[in-house]
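Dumping the structure here so I can ask a few things about it.
By letter and in written order, the chains are A, B, C and D; residue numbering begins at 1 in each of them.
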Amino acid sequence: MKHVIFGESHGSAIGVTLEGVPAGLELDCAQIARELARRATGKNSLSTARKESDAVTFLSGVFEGKTTGTPLTAVIQNSDQHSADYEAIRYTPRPSHGDYAGYIQSGGHLDYRGGGHFSGRLTAPLVAAGAIAKQILAQRGVVVGAHISSIYGINDASLEDPTQLQGVAEKDFPVLDDAAGEQMQEAILAVKAEGDSVGGAIECVVTGLPAGLGAPDFGCNVEGIFSQYLFSVPAVKTVDFGAGVDFAMMRGSEANDPFLVRDGKIVTKTNYAGGINGGITNGMPLVFEVTLRPTPSISLPQESVDLRTGEETEIEINGRHDPCIVHRAVPVVEAAAALASCALLGI
Amino acid sequence: MKHVIFGESHGSAIGVTLEGVPAGLELDCAQIARELARRATGKNSLSTARKESDAVTFLSGVFEGKTTGTPLTAVIQNSDQHSADYEAIRYTPRPSHGDYAGYIQSGGHLDYRGGGHFSGRLTAPLVAAGAIAKQILAQRGVVVGAHISSIYGINDASLEDPTQLQGVAEKDFPVLDDAAGEQMQEAILAVKAEGDSVGGAIECVVTGLPAGLGAPDFGCNVEGIFSQYLFSVPAVKTVDFGAGVDFAMMRGSEANDPFLVRDGKIVTKTNYAGGINGGITNGMPLVFEVTLRPTPSISLPQESVDLRTGEETEIEINGRHDPCIVHRAVPVVEAAAALASCALLGI
Amino acid sequence: MKHVIFGESHGSAIGVTLEGVPAGLELDCAQIARELARRATGKNSLSTARKESDAVTFLSGVFEGKTTGTPLTAVIQNSDQHSADYEAIRYTPRPSHGDYAGYIQSGGHLDYRGGGHFSGRLTAPLVAAGAIAKQILAQRGVVVGAHISSIYGINDASLEDPTQLQGVAEKDFPVLDDAAGEQMQEAILAVKAEGDSVGGAIECVVTGLPAGLGAPDFGCNVEGIFSQYLFSVPAVKTVDFGAGVDFAMMRGSEANDPFLVRDGKIVTKTNYAGGINGGITNGMPLVFEVTLRPTPSISLPQESVDLRTGEETEIEINGRHDPCIVHRAVPVVEAAAALASCALLGI
Amino acid sequence: MKHVIFGESHGSAIGVTLEGVPAGLELDCAQIARELARRATGKNSLSTARKESDAVTFLSGVFEGKTTGTPLTAVIQNSDQHSADYEAIRYTPRPSHGDYAGYIQSGGHLDYRGGGHFSGRLTAPLVAAGAIAKQILAQRGVVVGAHISSIYGINDASLEDPTQLQGVAEKDFPVLDDAAGEQMQEAILAVKAEGDSVGGAIECVVTGLPAGLGAPDFGCNVEGIFSQYLFSVPAVKTVDFGAGVDFAMMRGSEANDPFLVRDGKIVTKTNYAGGINGGITNGMPLVFEVTLRPTPSISLPQESVDLRTGEETEIEINGRHDPCIVHRAVPVVEAAAALASCALLGI
C-alpha cells in the first residue's frame, strides 16, 4: 500500500491517495471518524482554538461500502482558516519551523499560510489512511497501540505488557498513569501561559506480527521500514527500537533476550530487542519510541531574518498554536505504525 | 545510487553492486583501502582474532581507473573462516542475534556459519561503497565525519563544532577526547575478560549539504532517508537527529534555533534541529547519533531453544567475537551517511 | 514526477495525484482545458453521446497560480452517468473488456458501472497530468506531438519530419492528410452503423530531448520507460520504436542510421532507430507508434458467461460507446509521452 | 525479485545480483547451464567466432545447494577477448550501436571494448537469472516458451497452441517449422557473405499464470511490467501483445474473445488479447511478440563521425560479429519473460 498525503493548511482541501488497498474491505467509517477525533483540536484548553471539520469523503476506491482495490482518494475539506494571521511571517521564517528550508526548496513558491504543506493539519489524512490500515491489520490479528511516554521530562508509567494499552486510546489524554498525565497537562498549561511549548515522547507497540518478516538488508529491515513512516510524522526527531538509547549503557548479558518455550511457542524472556533481531521480526511485540520536538510555533519574540532584505529582525508569531502536540500525535504515530505494518506484511 | 550488499560470512566472497555511480570519477583505491582498514579487525586486543583480507576487486563499472557509470560490482574474497565453530549453534539460536528470526524467515535455509548474511563482516562492502560515495561527495564539498560518542555509559567530549572531527578518522580509537577513549577501552577489556560485551553510540556530522534538499513527505524527508541507510547497519537500534531524545525535556524557546546572518549567509545560532527543518536541510551541518546494541555474541552461557526438538537448552558460543563493535562501526556509520547524502543530492 | 490516477466512471470524481512537480511553474489552465477538450466526447457523431464535464479543480499543490512543489491533486467531477445501463452486465462480463479479469482480481468488489476504474473516462486526469508535464517540458524546449497513423487499415500520410505535426493538435480529427482522415471517419461511421468498432494506431514524436538520457539497463532504458507509460493507456497493445516491426524485414545496412555533421552537430541521416541507441537517446527525435485495439464495447450480441451460475449466455451491451477511440486517444498518448519524457529528464 | 546485470564485454567478469530470491529453492545448475548453452556462440557458422566460457559461479545466496533468500550474485568470467579489434572505433561510433549515445551519456568514460556494457554478452547473466526464475515458476506450474516467428521476412508456422512449443527449446534453431528455419538460416548466411546482418521477431508464451494478476494502472499493468523487462533485451524495438499491430486493421467483433466454459472453467474461444484484459491476466496464455533490429555491427563500410575532430569519416568494423542474433535471443527473451512473470506473481 503506497500513500501520498496532499494539501495545504489553508488550501481548499487536504487528503490522501492510497494505492494497493486490498479489495473487499468493508470500511468502518465510524472507526475512521473516531481516530480523527483523537487527533482533533479543541478538545480542551491544551490545543489550538482552530475548529477543524475532519469529515472524510471518498472520491474513489470505495463501492457499496467496500474497497475496490483501485486507488482510493480520501478528502477532508478545510475551513476556519485565518490566513491573514500569516502574512506577517511570509518573509520572516519562524525558527525551527519548515518555513525557511521550504522557502529555499521551493524557490519561494510555497504556500506559507498556516504552515502550508508543513502544517500539523496534514496529519489528519495520515490518520485516515492509518485507520484504514488498522482495519486491514485487524483482520490479520495485528493491533497497534501507543501512549505518551513522557512530556517535558515527566514520565508515564512503564509499559510492561502490551495489554496495558487497552483503553488508553479512548482517554482524552492517552497515558497509562492518569496521575502522571495530570502533571504533564499542568506542565503544558504552565508553558502555554508563558507563550512557550514543550516536547515529549510516545511509545508504540505492534502486536500480532508473525516472526520472519523483514531482512537485514537496506530497504528491507524492519527498523528502516518503520523509521521511514515514523519520520514522516512532523516533529519526530528520534526513532528508538526496544531498549534504544539505553543499549549504549548495557552489557550483552543484560541486553540479550533469552529464548524460552511458552505454550509450545518460542518466545523471549525479555524484549529489549523490541521484537526485532537482525532486521527481522522475532514474533515478540514490536516496541519503539519516538521523540517529538517542542512545537516551534511559540508566541515569545524570536530572532529571524527578513528574506527580502537579508537583514536580521525580531518576530512575534500570532495565530493559534498548540503548546504541545504530543498527546494529539499519539493516533498519528499509531497511523504511521499501521501503514508500516502493512508494508512489512507485503500489503 | 542504489546499492545491494551480498555475501555470507563463510561464503566464497562478499561484495556490493552499485547502480547509478556517476561516470568519470577517478577512483582513489588507496582511500577505499584506508576506509576498510579503519573497520578491519585485529588492530588490537579489542577485536575478534579473525584475520580478514579486505582487498577490493572491481568486476565491472571501472575502466582505465575511472567509473563508467554502468553497474559497479566490488568483491572482497573471504578467508580464514572457522566454519566448524558454528555447527553447534545451527539449531540453537543465539539470543538477540539474527539466527532465530533468520531461520524462520528463510524456512531454515539460511547460511548459519559465522552469522552468514547477518555477519558484521558484511559491513566491509558497505564501507567500500561508502568510500566511493565519499569521493563523489568530496567533489561537491560535502564531508562526512564521526566519532564514538559513548561506550557503556562513558561519554566522549561534546562535539561543539564539526572541525573537531578533523584527524579523528586517523585515530585507532576514534574519539575526540583520548582520555575518555582510554576509559572506554578499559571498559571493553573488562567486559571481554568476563566473556561479555558492551554497546555504545556514534555521533556523525555531514557538512556542505546545501539548504533546500528533501521534503516533509513520506519517502522524501531527510530523516527518513538517512534512517533507512543507518538502520541497515547491524546493531543500530536508535537514530536521533539534532537534540534527539533531549527534545522530550525541552521547551520551544530552548529548542528553537534562531536565524542570524553571518558573512552574508543565513545561518542558525544553535543547531538543535541537526540541520533539518520540516524534513528539509537548512544549510547547517547535518548532525545525528546512532545507538548500537551490545554485540549479542558473548561467551557466557545463555538460554536458547533447540529448533529441532522445541526444547529449552543452554548454549555457549565459541568462535571469535568482538566484545564491542562501536569503534569498528564508526567508518560503517560514515559510509551509510555518505550513501544517504548521495541519495539526498539525487546521485 | 510520480502520478496516481484515481476514480471510477460513475463515482463522484476522478483525478490524479502528482508528486514531484517542480515548484514555481505558472500553470496555464487554459492549455490544460484545451488538452482535455481534445479528448472530450460529443464533438461529433463519431463518439459516445455521454456529455462530460471536464473542469479541473486543484485541491493542492498550487498557490497564487503557481505550483508549490508539494503533491498536486487535480479533480474532475463526474456527471451525466447512466448507471442503470450497466446493471445487466454486472455478472456477465463483456468480451475483451476488463470486466472479467477485474472481477477475479478484486474478488468481485470492483465498481462495474460504466467500466469503473477501467473506463476510458480515466484518461481525462491522465491528459490533465500530461498537460502539466508539457508545460514543464516547454521550458526545456521539449515538444510532444502525435497523429493518427492508421484506422482500420487506412493509413495517414507518412511523417517525414516532426514539423509536419504543427497544427495537427488543433484539428478535430488529428491526421496529416485530411483526405485520409475523411476515409477513416467514413470507416468508423460504417462500423458504427453495424454496431461494431475499429482499432488503429497513433504515431508520436518527442523533439528536443538531449542525447545521453537513459541507459541500456533494466528500469533505465528509454524504450522501457516510455512503454510503461504508454501501456497504461487503455487499449494500447503494441509499442513500437522507430522502424519497429519493420526491423524484422530489414538488413543492418538498411536499418543503420549513418552519422553526419549538420550545423556543427552530430546527427543521423535517417532515424530508423527512433532516436534511441542502446537504450539511450541519441539526440534525434524520439519516434514511436502505438496500436490500439478496437473498443471492446460493441452492441452486437456476444458470448459471455454468467459469473453467478457459471453458465454460458449471450449478452447485448447497452449504454453509450465509442465505435473508435483512436482519434480521442491522440492527446492521451501525448500525455503519456510527456510524463515519460519528464521521467527521462529526471523530473 | 530485483535484478541488476553488471559487467563489460572485455572486463574481468559479468554477472547478475538478484534480490528477493525465495529461500529454499534447490538450484538445478545443469538447467542453468543448458539455458546458457542455448544462447552460446560458436554452435554453427551463423554466429560470432568468439568462444565464451559461460560457467556460472555463485558468490552468495546459495548454501548447501539451495537458495538462502539473501542477495544472490552469480558471476561468469570473461575470456577470449580481442580488445585490440576495438581500438579503431573508440572515437568513431558505429551507426545504430550504443557507442555514440553511450559516449555522450558517460562523458566519454564508457568501456568501448567489445561494446562494453552494451554488448550482447551481457545477456548471459540475464539468461542465468531467467533460468533461476524458470525454476521458481515451475514450482507454480508456470512455463515460458518461445520460437523465432520471423527472420528477414521469412515466417515460421503460426503458433495455434502453446503445446507446439514443446521440444523447440532443444532445437539448434528454435522454430516450429524446420523447413522455414532452413530458409531463415540460408538468408542469414547470404547476408553474412555480403558483410551484412538481418533482424527478426520472436513470439513468446507464458502458460499457467492465474487470472487476476495486474491492474490497469501505471506501473501495475501486465503489458507495462512485461515490456520493461523485454525492452531491456538489446535490439528489441517492438513489444506486441496478442494480435498486436493487427488490431489496427480489426473490428471489435473480430478482435473480441468470447467467453466460454470448458471443463468447468471460464476461458475465451480465441486469444487475440494475448491473455490480458484491462491490464490484468484473464487466465489464458500470455502471448506476445518482440521485434529485434538487425545487428548494427556489419563489416560493410559505414558513415560515422570522429568524436575528437567532429569530422565525418568512413569506418569499417573488424571484430567478430553475429549476422543475426534472433536465434540466440530466444532464451534471452524467455529469461526476460520469466523474470517478468515472477514480478507479476509478487515474487
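Please note the rule applied: a residue touches a chain if its C-beta (ideal position, glycine included) is under 8 Å from a C-beta of that chain, and two chains touch if they have at least 3 such contacts.
Just so it is clear, the structure is predicted and the values come from calculations on it, not from any experiment.
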From chain B, the most remote chain by mean C-alpha position: C
Distance from chain B to chain A - Cα centre to Cα centre, in angstrom: 27
Length of the line joining the C-alpha centres of chain B and chain C, rounded to whole Å: 47
CA centroid of chain A to CA centroid of chain C, Å: 39
Sites on chain C at which at least two other chains make contact: 4-5, 19, 69-71, 105, 117, 215, 217
Pairwise touch network: line, ring, star, complete, or other: complete
Touch list for chain D against partner chain A, complex: 19, 69-71, 215, 217, 346
Contacting residues of chain C [partner chain D, same complex]: 3-5, 93, 95-102, 104-105, 117-118, 122, 150-153, 191, 196-201, 211-219, 221, 223-224, 227-229, 231-232, 234, 236-245, 247-261, 264, 266, 268-269, 272-274, 276-283, 291-298, 300, 302-305, 307, 310-312
Touching residues on chain D, where the partner in the complex is chain B: 2, 4-8, 11-15, 17, 19, 23-24, 57-61, 63, 66-73, 75, 105-111, 116-117
